[in-house]
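Here come two complexes built around chain A, the first alongside chain B, the second alongside chain C.
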Partner chain A sequence: MLIMGEVHTGLLRNLGELSETECREVLRLTSGEEPRTWQRPLLYAISPDVLTGVDCRLPSSSGARIRGTGTVSHRATIVGGRVLQGSSYTTLLRSDSDQRLPWSHYLAAPGVVEVYGRPRWQDMADGFVTPEPPMDVLNVGAISGRLMGAVQDSARLDRKTPFKTTRTRLRWLFERDDARGDGRPAMRLTLGRDTMRTLRFTGEPTTDVVAFCEDLALHDWLLTTLQTLIQRALIGTAAPAQIAARLSPAIDHLLHLWMPGARVEEPFLPFWEELERHPGFTRQWTSSVARIRDQITVNTLSLLSVTESRREADGDPSPRRGVPQDRTQSHSHPVRRRIFFRADQRSRRRS
Partner chain B sequence: MRSAFTEETAERRVESTPLSHVSIELGHLYMEDYAKGFEHIRAQFRLVAPWVETVRSSVGGKARVSTCFLIDDYFSQFGSPDAVVPMVIAAAGETGLTIDYLAREAGCARSGEVDVARLVLDRIVADPAPGTNGARPPLVKSGWLCNGRRGPEAGGFEAMGAEAQWHPPVQNAARRHSIFVDVELWDEPDGARVWSCPYLASVWQLMRLGLLRDHGKPVVRPVPAAETLPSDWETLPSLVQLNPKAQPFSAYRTASVLPSRFLPVELAVRTILSQVAVDPEVLHQVAGRAHGERLQLADELVDRVSYVFL
Partner chain C sequence: MLVFAISDKGGTGRSVTSSNIVYRRALRGNDVCYLDFDFGSPTAGAIFNVSTAERGTDRGGMHSYLQEKVAEPYRVDVWTSSDRSALRGKPPGAGQLVLLPGDSSGGEFPTVPSVVQQCVRLFLRLDEEFDLCLVDLSAGRSYAADMVLAATARPELAAIPFRWLVYHRWTRQHIIAAAGLVYERRGLLDVGAAHGHDKRRLAEQIRFVRTAVVEPSSPDLSALRSTQLAWLDECNRDLHELAGRNRVGRTAMLGKVPLDPVLQWREQIIVDEDVYASQIANEGTTRAFDDLATKIFDERAWEGL
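This part shows the complex of A and B:
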């Protein structure tokens, strides 16, 4: 028995953040079926599960031709009215039959793909996490991708994004604890060279497997996106106002979304704890957030010093309301003042 | 300390419906049958009656059995409920049959505010042909549903002008040889969608099996018959309970006693039903109740649907 899936994560194509009602509208993929939403600890919306039928070759690292028939479940989620996830998954089980049965048989057990013959689970598992599997094998990633596209095409969205981001993909594979006994780690997360991540882990199968993978994919995307924003901000090279402008989307749209494990049930929390120890997701996040806030502070201080210097030039000695006088004075170095002023002008023209 | 926190919008509430052991359909008539009058209708019920008894006795004397009859008011409307319904009840009564529930076929397309046909359409998961690996969207021909891989389009030409080689259509779950079925679900002759008879008959089966929900609520509820029947079909409720003492309308399984001329329609119905993925929560609920009553319930929907063809 194996459970395999792929989660795609990206920014929802809408300038503003969606409300709970709007999330419901966007995720209403099946008539007569209402998406579910949560307000605590942050807005979270999930579409009903939808099924896709497959009858095809299954992944195999040895190149063996194994065939399976059944359905792949998929669902879309919106986190914080801002981040969209397309998630598809299926459970592979051994078929009692050597031949294809009537389709009603497979619909009686939704989200299961039956494997013909004697399945070699390890071979299939290894094949699934191969970066580029053959074209004709089960492609759950394509199903997630199409689902993302279908939601992004919703008439409710204005199809504009507040900043550029990249979609990340988490391909995951879950094995029952007793499937392996080779002493290898119970979880292995690999960051690929591009936007692909792979996760292999073991445990007792429950429905929460998918929720854990979606939670991990979300936080990996948040980290990836935050890192990209920081890189693009050219800290240390660009002017503080420019840096602040490039970092502001993080403050507006991302920072409040960081809640690892918030939607993960008890049995999967140890996996998060492990990821926090090594490599330390929250460690990197906290340090990045601190870096962003420092940059914004530097820019604020520089703006204040510009204001002060203007006032001095105008011969107005009275401090502006709400601005602590001692702070503005302490940053009124003539050379820096000039540089900041130019940067300030540039950013204004641009906007 | 133990604490609990829940949010109502995060919960799914799926109502359960009362269930009989079996729902028996007492035949089906076309418009021309009604046009032939009372004698003809009574003759039809006379053919049906002994088989209804056979079904009843096969499930045991203590089993909950309800009977139903579907009137076709979708494709053509004839007469008025206040004229046709009493005639049907009387014709059935003279052969010893009691119609517990009377349904309108138009109610299988839309029942009140609920677009029932659409509801089922969104739950169709097409039977995948070998080689379907999820990479491309499911191959669907708009308005049609089949049980295999279609042959090439007639008169199709391949590149370079060579005539396309004919390939036979293939059934996905063929037992050596194919029985390929391709069902038209709807057409849109004047821009408005008209659902096909087999499609509505599939919805009818799902209603009788108590498996359809709209936002967690059953799509139809039987309405007790009013003292006087209306003169137009639209005013008549989708499902009328004629017998106040009737057992529940929906049942664990259905049995339809039908003239053999309906065999192609029912083959199409089974082709459609084989591709409907019912809400797992509802399936679970029904299975749990069956278990509670120590009943054997088939996992596959088509196995809960049986027929007597006359």
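This part shows the complex of A and C:
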């Protein structure tokens, strides 16, 4: 038995954040079923599960022709009215039959694909996590991508992006504890060369596994997007005002969304704890956030010092409101002096 | 932003100039993507030295995507996949440089409503990620040009600005052809209007780019005889006059790229190394590319004529 899925994460195509009501409207993918929403600790909206019927070749690292029939579940999530996730998943089970049964049989067990013959689970698992599987095997990622597209095309959205971001894909594979026993760690997260991440882990199968993977994908996307913003800001070489402008999308749209494990059920919390220990998701996040805030502070101080030097040049000796008299002597302040120096250096470099 | 690159005749340097424009924008920190819509001959991979997509890809390129045979189009990250060392490795502060190649075995296919819808979907999807999507269309009137004119007229794409670059060489035949491609019957404006574009507003989004231009005043021509120079000067004046008459004149021009031997012999990205280290390319060429890369986003260059 295997549970496999893929979560795509990206920014919602809307300038502002969506409210709870708007999230509900956007996620109403099927008639008759309402999306579910949570207000605490953050606005979460989850669409009802939708099924896609499949009858196709299944992944295999050895290239064996394995076939399966059944359904793939998929659902869309909006976090904080801002981040969209398309998630699809299915459980692979051995079929009792060696031929296709009526669809009513497969619909009775939603989100299950029955595998014909004697499945080699390990071979299928390895095939699923290869970066470029053959074109004709089951591609759950394509279902997630299509779902993302369906939500993004919603007429409720204004189709304007506040800033450009890349979608990330988390391909995950969950095996039953006893399926392994080769001494490898219970969880392995790999960041690929591009935006693909793979996660393999083992445990007792429950449906909560999907929520955990979505939570992990969300936080991985937040980290990835924040890192890209920081890289592009050219800290250390660009002017403070430019850096602050390039970092501002992070403050406006991302920083408040970090809440690892907020929606994860008890059995999966140890996985988060492990990720926090190594590689340390929150550690990286905290240091990145501190870096961004420091840059903004530096920019604010340099703006203040520019205003101050202008004031001095204009011959206005009046102390500023709320500032004690002895602090207005800016040149005696070590931090300010350094900022003056940096600002001078930059203006020289620019000229 | 969407930028469509088109020319009436082949061999204008449309693909190579467009590739260099996206490269220049990526260096400035923009996320850019180059879409190969030259369905009859998808060879954009060669310009970026991506051997795996030199003649398109067989892993679901543009053809397969637009005909809904694959869910996501195959994409090539040039910074990691190029075989050319000068292009490999993203420079600090640079943005994404992504190529969306065509199918290796693909050909032209007719514009049916489902293809236009898929094209709209693609542009929306890419706008999420890229500051600039440059769509390289084939030479002449093609299904691809028809498709993008239909797609950009759709209300779903109303929020995404688009612009057209019409490339032509600085010769009589090319000037007449470029004007025909835009203004004549069944030209871009006509077809655009048929798809629901406002003709006047569409015309404001079209600019011409002159390629392989030889300036009679250029120091490179100092070896020519005075009679030859005089003749060149006269030809140039005639061409200016012809261009003006055909509405391809200076006001409708976005920029011009000088004749560069490197581009004559090999379509390639011109990196700083080619200009300053090996000195095989001219500085004027990169300046022209830079100028075009700036003007594409410069509102003043696109003010109503």
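Keep in mind that, in the parts below, the second predicted complex is superposed on the first by the 319 of 351 C-alpha atoms of A that agree within 3 Å, B and C clash if a C-alpha of one lies under 4 Å from a C-alpha of the other, contacts with A are read in each partner's own complex, and residues count from 1 in each chain.
Here, a residue touches a chain if its C-beta (ideal position, glycine included) is under 8 Å from a C-beta of that chain, and two chains touch if they have at least 3 such contacts.
Predicted model only: the values in this text are computed from it and were never measured.
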item	value
Room on chain A for both chain B and chain C (clash or fit)	fit
Which superposed partner A:R311 touches (first chain B, second chain C, both, neither)	neither
Partner chain(s) touched by A:A142 [first = chain B, second = chain C, both, neither]	both
Chain B versus chain C as contact partner of A:A108, first or second or both or neither	first
Which of chain B and chain C A:W38 touches, first, second, both or neither	first
Angle, in degrees and to the nearest 10, that opens at chain A between the C-alpha centres of chain B and chain C	100
Comparison of chain B and chain C by chain A residues contacted	B
Touching partner for A:T165 - first (chain B), second (chain C), both, neither	second
First, second, both or neither for A:R120, with chain B first and chain C second	neither
Which of chain B and chain C A:R57 touches, first, second, both or neither	first
Which of chain B and chain C A:R156 touches, first, second, both or neither	neither
Closest Cα approach, chain C to chain B, once both complexes are overlaid on chain A (Å)	5
Footprint overlap on chain A, comparing chain B with chain C	135, 139, 142-143, 146
Residues of chain C defined as touching chain A within the complex	29, 31, 59-60, 70-72, 77, 80, 92-93, 95-96, 121, 124-125, 127-131, 156, 159-160
Chain B - residues contacting chain A, complex	5, 7, 9-12, 114-115, 118-119, 122-123, 125-138, 147, 172-173, 213-216, 219, 273-277, 279-280, 299-303
In the complex with chain B, residue positions of chain A that touch it	20, 30-34, 36-40, 51-57, 67, 69, 71-72, 88, 100-105, 107-110, 135-140, 142-143, 146
Touching residues (chain side chain A, partner chain C) in the complex	10-11, 13, 132, 135, 139, 141-143, 145-146, 149, 152-153, 158-161, 164-167, 193-194, 231-232, 234, 237
